[in-house]
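Shown below is the structure under consideration.
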Amino acid sequence: MSAAAKIIPAFDAQAARRDFAILAKPVYGKPLAYLDSGASAQKPAIVLETMKAFAETEYANVHRGVHYLSGAATDRYEAARRTVQKFLGAAAEDEIVFTKGGTEAINLVAYSYLMPLIQLGDEIVLSVMEHHSNIVPWHFLRERQGAVLRWVDVQEDGSLDIAALDAAITPKTKLVAITHMSNVLGTLTPLAEIVKRAHAKGVPVLADGAQGAVHEIVDVQALDIDFYAITGHKLYGPTGIGALFAKRAHLKTMRPFNGGGEMIREVTRERITYADPPARFEAGTPPIIESVGLAVALDYLSGFDRAAVKAHEHDLLSYAREGVRQLNWVRVIGDAPGKGAILSFEAEGMHAHDLATILDREGVAVRAGHHCAQVLMERFGVTSTSRASFALYNTRADVDAMLSGLHKAREILV
Amino acid sequence: MSAAAKIIPAFDAQAARRDFAILAKPVYGKPLAYLDSGASAQKPAIVLETMKAFAETEYANVHRGVHYLSGAATDRYEAARRTVQKFLGAAAEDEIVFTKGGTEAINLVAYSYLMPLIQLGDEIVLSVMEHHSNIVPWHFLRERQGAVLRWVDVQEDGSLDIAALDAAITPKTKLVAITHMSNVLGTLTPLAEIVKRAHAKGVPVLADGAQGAVHEIVDVQALDIDFYAITGHKLYGPTGIGALFAKRAHLKTMRPFNGGGEMIREVTRERITYADPPARFEAGTPPIIESVGLAVALDYLSGFDRAAVKAHEHDLLSYAREGVRQLNWVRVIGDAPGKGAILSFEAEGMHAHDLATILDREGVAVRAGHHCAQVLMERFGVTSTSRASFALYNTRADVDAMLSGLHKAREILV
Amino acid sequence: MDNSLRELYQEVILDHSRHPRHYGVLEAATHKAEGYNPLCGDRVTVYLVLDGQGRVADIRFEGKGCAISQASASLMTDLLAGKTAAEAEQLMEGFLHIVKGETPSALPEDARDHMDVMSGLSAFPMRVKCATLAWHTYKNAVEEGAQ
Amino acid sequence: MDNSLRELYQEVILDHSRHPRHYGVLEAATHKAEGYNPLCGDRVTVYLVLDGQGRVADIRFEGKGCAISQASASLMTDLLAGKTAAEAEQLMEGFLHIVKGETPSALPEDARDHMDVMSGLSAFPMRVKCATLAWHTYKNAVEEGAQ
């Protein structure tokens, strides 16, 4: 029995499962083994119920009104901001900007921070394992302003080549944009070390925390990181909301992104002045009900012993990896030491889509495709992989269902 | 009895009220008179329940998976798009882009359609009664690219000066950006006529339908309009979602806005190609649960005889206007013929915020402030107004509560 | 074992996917197009030789993808080889109906028999795009792929 | 009638708002700042004459806004006139506590009595910003408003 396995009893996944009604709903008459939380996590009852109750008792638009409901809703919205602040370990609540998701959080940095700074030939350092959300905004700067993308490779096992990263940072580098945890490989990047090296050269660092924040305890102050992006729906929260942490000093100098209500100070026909951060970056009616849901989701997650949850997820990962390792017709992609609970693989003679279709009929939900990481697919010479991603509500039974599904798929397809 | 009043029985507001739990919840021990639906509408039970049920039974990320839940969620999401299409009378579903709200819908046009077109000195025509969401994005183009904003005044009663609008369109005009219904004055603009005149000069028209779509039946094909923006939370739907209608011909030529997953065709280290519309403009995980909520909200609204709802709201407006007209210390701002159900006013010797605070303690929720329309405030020489906005669930009792609150406020303050 | 799966991955399909007909480059192609499914990264290239009347004098495809997309491409080349433009149009229409579980209006008996192996797809709406990729690519080749 | 309303809009407050003390421009101001509440559009300008030691030798304000913001500005000028920098600092801190319903640490008895008319605000958290606008503007004038 491994050390990790010994800690597991501190977290009771079976009990947690009861918070997720959808997990008890059969698919094609089979028990659901939902192994696609990396794409989006299911939401516990408390999140859904609180959102509904909030809308039924305290809803109004925020900030703009002096009436009771408006005050109540504003309090909830701003309390949610503090919950995110605490969750990420930020120094101040005004360093948290609510966005529509992780993608928008990164685009906000691209449009508001980097776009005004980029000169022809300036460089942006990123890794080959980035999600398209942490690639395309920088490609825009290449297309539109002549920025140069500097790609840092990963090693064969999927771990980041930190020496290569260091070497890629030049006097022309304006930003290092790197994932905290790869949504395909599960690789965790050494953010603190990356920040140290980048800062030594005067370069700020953005981390795409869409996956990382789900599985790791984040402390943006300890990391000394400049930007950290999260998304609600992977954190057991609602869709339609995410957040960007940015150091106050950056936010102060960043220009607005979307224009509209809430983000202005004064508007006349001739000119315009902008509100202070974070309001400056929250144009229009924000995702109010979603902010309440996100806060509850973060509280839900933080309510567990996170180390125990991680140990549980890691147990599932090891168990699954062991299971597929015994099949000599399966190739795992991504085996970095200490990696997070995501398992990508190829099965000989089976296209990922065919495999996923067959698994689906067995009640097993995995992702098949390029996982919005085509640059990484190219790096590993594949067009698609199958991916199982583990959440706190998964159990070894889910893994067993997948493994037996793999056998069935081989029977049918090969 | 007016013709409008005669139609009222076809719509039963008392019955509709029962769909909105929050309306039955007292505020400071007083019945709630929620007259702030112009800022955000309350949500009927069916919307909240359907969102919750969807999350409990069919939730997953959309488009990317081949498993059952992913398919179910994608079907719901795309069905919601068709519901919006139908609601706006669009010719095709791929002319509907989901956004995070009305503000983002307008910014999408600014960033993706107009920004690449604007040359120094090009003009954008807009009215002085625009919401900041339909001003600030154009100010960006002024600040950043030297566009010129051409302001069209309103008349003393708040109606649009169509001759002035026509005159403001010059060979340099690249867009007319105009509200369908003013969120302060209630003024409805003659969109069809505006489009006709603008198109005669080869200029496209964007309508800010954040308010208009709530109170009017919209038919973008009949209007022949180029862009029409809506927001979910004013349409009895959830926060965190809105939509842009854009003619297919425009969408085809528009460049991407946010970059990320879903909106690409192919990403390599060196280059990138983009998906077809509408996906091209929907980067990242969209507001999936909210799309389901929005669809239900639109179905809910469309389930009523809309003409009867309008007549009901108009009855409330007339009743309220009559009520304040009898107070010679109240000045109504905005009295355009055929205006929608919004009433803005100033009360002598009372600042709007003090008035709103006192009304609040009477259970009456009105908005006080500049309503994100500072240019309009300047036009009428005020810094703020009080605003009552009517929704389908309001009744004359709400108006009575406001009128009696006005008297109390005068007692206290004057 | 799920019957609908057995029907989807029936022997004929797997055989087409493992041993695709008309596979390879057609150097003499008069028309050519590349199809791409951004969701899964699958690709197919369709090569045609159209004669003066638009008849499919020769056809080949090349591609990488799932069993369904490969089998469908292979099946398509079998069906289209030698057909006139009008016949091909009719086949395509029929195929698009069949994979969605709809009844095609008019279709030659033998073509219908051939296509029927794909009718299992109607239980897998998420996979329909895999099956139609080759056909849409064929259409693109005819309309915009003149070499 | 709601008691908390009566307490908020008590006669002293309304009197201050209708007949503000120290109202107007101070041409000789050594320090000056403009405050603005973007939520409601309220404005206040605070003029100061600070002597060599930073004592408030003279003070005036001008503004447009709700009863609370005007009364608070008027009350503030009454309280700050003649005070040393340290005293003013203490008064401001005390005021910020009182309007939030917190107990100020140390505050001269008479100042406290004066400020107590504003303690009703603690029941109206959404209006606290109205009451603090003048004070924050005063602080801005001292710190960044040297003429």
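Letters are used for the chains, namely A, B, C and D, taken in the order the chains are written, and counting of residues starts over at 1 for each.
What we mean here is this: contacts are C-beta pairs under 8 Å (C-beta built on N, C-alpha and C of every residue); 3 or more make two chains touch, one makes a residue touch a chain.
A quick note: this is a predicted structure, and the numbers were derived from the prediction, not measured.
Judged by touch alone, the chains other than chain A, held in their current positions, stay linked as one piece.
For chain A, the chain with the farthest CA centroid is D. Chain C and chain D have Cα centroids separated by 79 Å. One simple way to say how far apart two chains are is to compare their mean CA positions; for chain B and chain C this gives 46 Å. Each chain gets a centre from the mean of its Cα atoms; for chain A and chain C, those two points are 38 Å apart. Along chain A, residues 28, 64-66, 70, 264, 266, 353, 357, 368-369, 374 each make contact with two or more other chains. Across the assembly, chain D contributes residues 39, 126-127 that each touch 2 or more other chains.
Those residues of chain C that touch chain A in the shared complex are 1-2, 4-6, 8-9, 14, 39-43, 64-68, 124, 126-127, 130. Residues of chain B that touch chain C in their complex: 63-66, 70-71, 74, 264-266, 275. Those residues of chain B whose C-beta lies close enough to touch chain D in the complex are 28, 351-354, 357-358, 361-362, 368-370, 374, 377, 383-384, 408, 412-413.
Interface residues of chain C, counted against chain B in their complex, comprise 36, 38-39, 125-127. Contact residues of chain A toward chain B in the complex are 21-22, 25, 27-28, 32, 34, 36, 39-40, 42-43, 45, 48-49, 51-52, 55-61, 64-70, 100-104, 106-107, 110, 128, 131-133, 135-137, 139-140, 143, 149, 151, 231, 233, 238-241, 256, 258-264, 266-269, 271-272, 283-290, 353, 356-357, 359-360, 364-369, 371-372, 374-375, 378.
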